[in-house]
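We call the chains A, B, C and D, going by the order they appear; numbering starts again at 1 in every chain.
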């Protein structure tokens, strides 16, 4: 019987990697999750604690997948603390995925927003010229730089890190780097995932130049299946209509970059 | 004559008989507009309380292997005041505002917030099966139902609907009490109290342990409730519970419902379901030579 | 240690925890023998009345599109006397005799008929949702439940089980009353009152209009009832309602049931279902290192 | 979507044929029912009246099927009275079917028990030598004789009718004819459907001679799907294990030919 993606499957965490003091990658075996498309996510149940949406991270072993989680509130800290051998529940994959263009590509990621970017990288063609921009607050918070370089070893590519405090790579916001790159060369497509303001500015920079751009959005998600409404942004539901939207669509959305809803559904400013 | 989908639920007149049920995608005016354009005849808001509620922690929803969903979102909502502000600009969409509370004053206060809004009706949630002190715990108390309905009817000229479900007090008694107290219509039913346990980790899956079963599994139960209400009382009924096809909709009309609501079907078939059902109803009406929804309401009781 | 399937429901000891539910294939000793050989730990008879009943005219059963069945066979049965004669030769099969009646004397009289039979337990059907004056109409009346259970307990040394369901009186109260009156165990739940209407011919399909919903749709409801009973009372429980896989069975054990019953699954998967579930339970027990069913009963309440 | 055989399908009666004063054939269009196997049956709903088991009769038009019903009690009389244009509900097909052997075949049918025999005839091979014995009380009650001859026009065949009162065909019980035929020639298989006593004697005649024999049984049926138990005969459920049983099995069944259960489930003598 084929698995119904809405039914929770229990998997065992087989390996845990510390990426930074607050970010960990948890690896598990699951054929379905190992093959999700870039941009798709899973709902992850930490029994007795919570359930939260997570982009599905790649693993270098086939048939395996991972979550890369930053500890934050109760749910994400619960997942962060899961030990090797512990069980978690997963359902999905949910959501749409990035539209892969060919040519000169710019990928922009910040924090755990790099997860869908890494999965995007395994789909680029050897002929693509790929630039990856990684934004972080400080040196401590940088991860996936090596991984990005490794995934792109057969491509013409650059992986550039910027930190807000300049403790590693270039100093400044990654969105300034985006602006710089887009003004200096002709890109065929831009993909971004990270903090909303990073996505907002990236979309603006690209869309205003008429460059194809897509962002993978995050909103409060309770159900993941288009029932509860908690993930709405304007008239879109991120879990069903997204998570990936293109610049054209986002530029008309008044909530993007400005508001998100809290757990009670109240609009709050970013 | 070409059939049309207009229907009246007592004083409430809708262009189309299929509404969005409370709690589904129900927190944003932009989404309401989209659903209305997709074919919903009206949208019922998430049940609102006097204060904002975060609801229960996740997991709050579970997909049942045999079909349907169990949810315990815990009535998370932005509160009546915030919500009223958000829908103030609304001109087009028939919005039915769903309210929960513990005492008559809760309802009275909330209704005041909506004075500047276009509200098609209020729906009193007397039947949420998984939150303490509101919903079913109110619906199960006949005295309280009487007081709440009377108070609400005195505070507004907008039509008022009571939403009932399977609780510890028989829902038919609750319906009777609501009618005596002046209610304009009944929505039946809410979700049915249920649970799911994960055999691997040996725990209830929902954070609240118990939740409400919705979707296809409850359709035959909801249908008999509508039939029972319409057989016992002379009151407009909105059928709700497990409706996902036009045949389901027709079954509810034949049982005595003048309109229907759906929620879970959206989780299974997304929002195209409104248009699919509207189209199916129209085809059926053509085939059977009906000009209006009313022509088929309650027909199954004749046999 | 190799796990085994032996279970005790209070004073009732069974070699295997999965029983045939009342009313399914339940009218012939030869069939009971076959089911026992197929893996059923016990069989519950069709609910018997003092006199033979023909039951309702057909249609008496309806297959729900979303899964499950709605039945209104109307408790057709050969009557206690005929039935007792038929099972007199029985030596091997643990038979639980299900009884329906309107007054304590009905039950008392029927039990007398079984004096020469090997009866493992009596199950009082306080919960059939579609026959007047018996079943739920009895279960909904606390005074009557008290009298019936007390009378039955005084007329036999065989263990007595009360079968409850969703009626107009909250089943938890009925359970409480039965316990106070000395009941040995509880079976939860019976079918849930429901109906189906044919949209072509615009009539209720079952001849009785209303019937009882069984099968997968009611599993989440039955599971919460078992969990609620075992959380509130200290009484052995037999879980029933929509069980069709070994995972379902385990869920009920974890919720607090010491044994389970199934009926509808036979309509879907035929009688191999007993063996499949037994095998699945044993494998699960091995994996989790349990030696007996008891080891897992109620575990989900700990979390 | 494939039709679930447990879900009732509504069909319209297109044609009604009077076979005898008490037997009618009702023809309707239904692809599924037109292709059932010989021995299989449907549960037939007459809205507002009853639902009853019916063998599925063949039709000479493709895509169509029929029921041939004798009026009896409320249910069968309800079906008998259905007019052209009226709707009935059908579910199924249910049950197993005859095992078709090759060579010299004897088919024995009485009354509406001829229905599965007619469907059997459309499956015989042109090389089979087929004898059909039709039993009836009197001349008035004979039907399907012509049909049987027509269906067998390409075979070596005989269609022999016997009536209890001798008003048509040979005089006497059809079971005496069976005994005669089996004692005079070597048959490869015998198939029978009709009143229980006819089936019982036919099975005895054939089984005692070691000839392969199968009978399609009738019992009170409420559900047709193996739930209600009303159709039990010994430890068998006619709706699930049958309706077709072979002589070997039946010869061990103590109820066959002796008892059946009434609507309350009480054993009654035939």
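Convention: contacts are C-beta pairs under 8 Å (C-beta built on N, C-alpha and C of every residue); 3 or more make two chains touch, one makes a residue touch a chain.
Everything numeric here is computed off the predicted structure, so don't read it as measured data.
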By CA centroid distance, what chain is farthest from chain B?
D
Rounded to the nearest Å, the gap separating the Cα centres of chain A and chain C is 51
Whole-Å distance, chain A centre to chain B centre, using C-alpha means?
36
Scan chain B for residues touching two or more other chains and write them down.
65, 203, 303
Chain A: which residues touch two or more other chains?
48
If each chain is a dot and touching chains are joined, what shape do you get: line, ring, star, complete or other?
line
Pairs of chains, among all present, that meet the touch criterion
A-B, B-C, C-D
Which part of chain A faces chain B closely enough to touch in the complex?
4, 6-8, 10, 43, 45, 47-48, 50-52, 74-75, 87, 89, 91, 222-223, 225-230, 232, 234-235, 237, 240, 261-267
Spell out the residues on chain C that touch chain B in their complex, using ranges where they run on.
64-68, 70, 166, 168, 170, 172-173, 192-197, 199, 202-204, 209-210, 213, 215-221, 223-224, 227, 242, 247, 250-251, 254-255, 284, 296, 299-300, 303
Taking the touch rule as given, give the residues of chain B at its contact with chain A in the complex, in rising order.
23-28, 30-31, 33-34, 46, 52-55, 57-63, 65, 69, 71, 73, 76-79, 82, 86, 198, 200-201, 203, 205, 207, 263-264, 266-267, 270-271
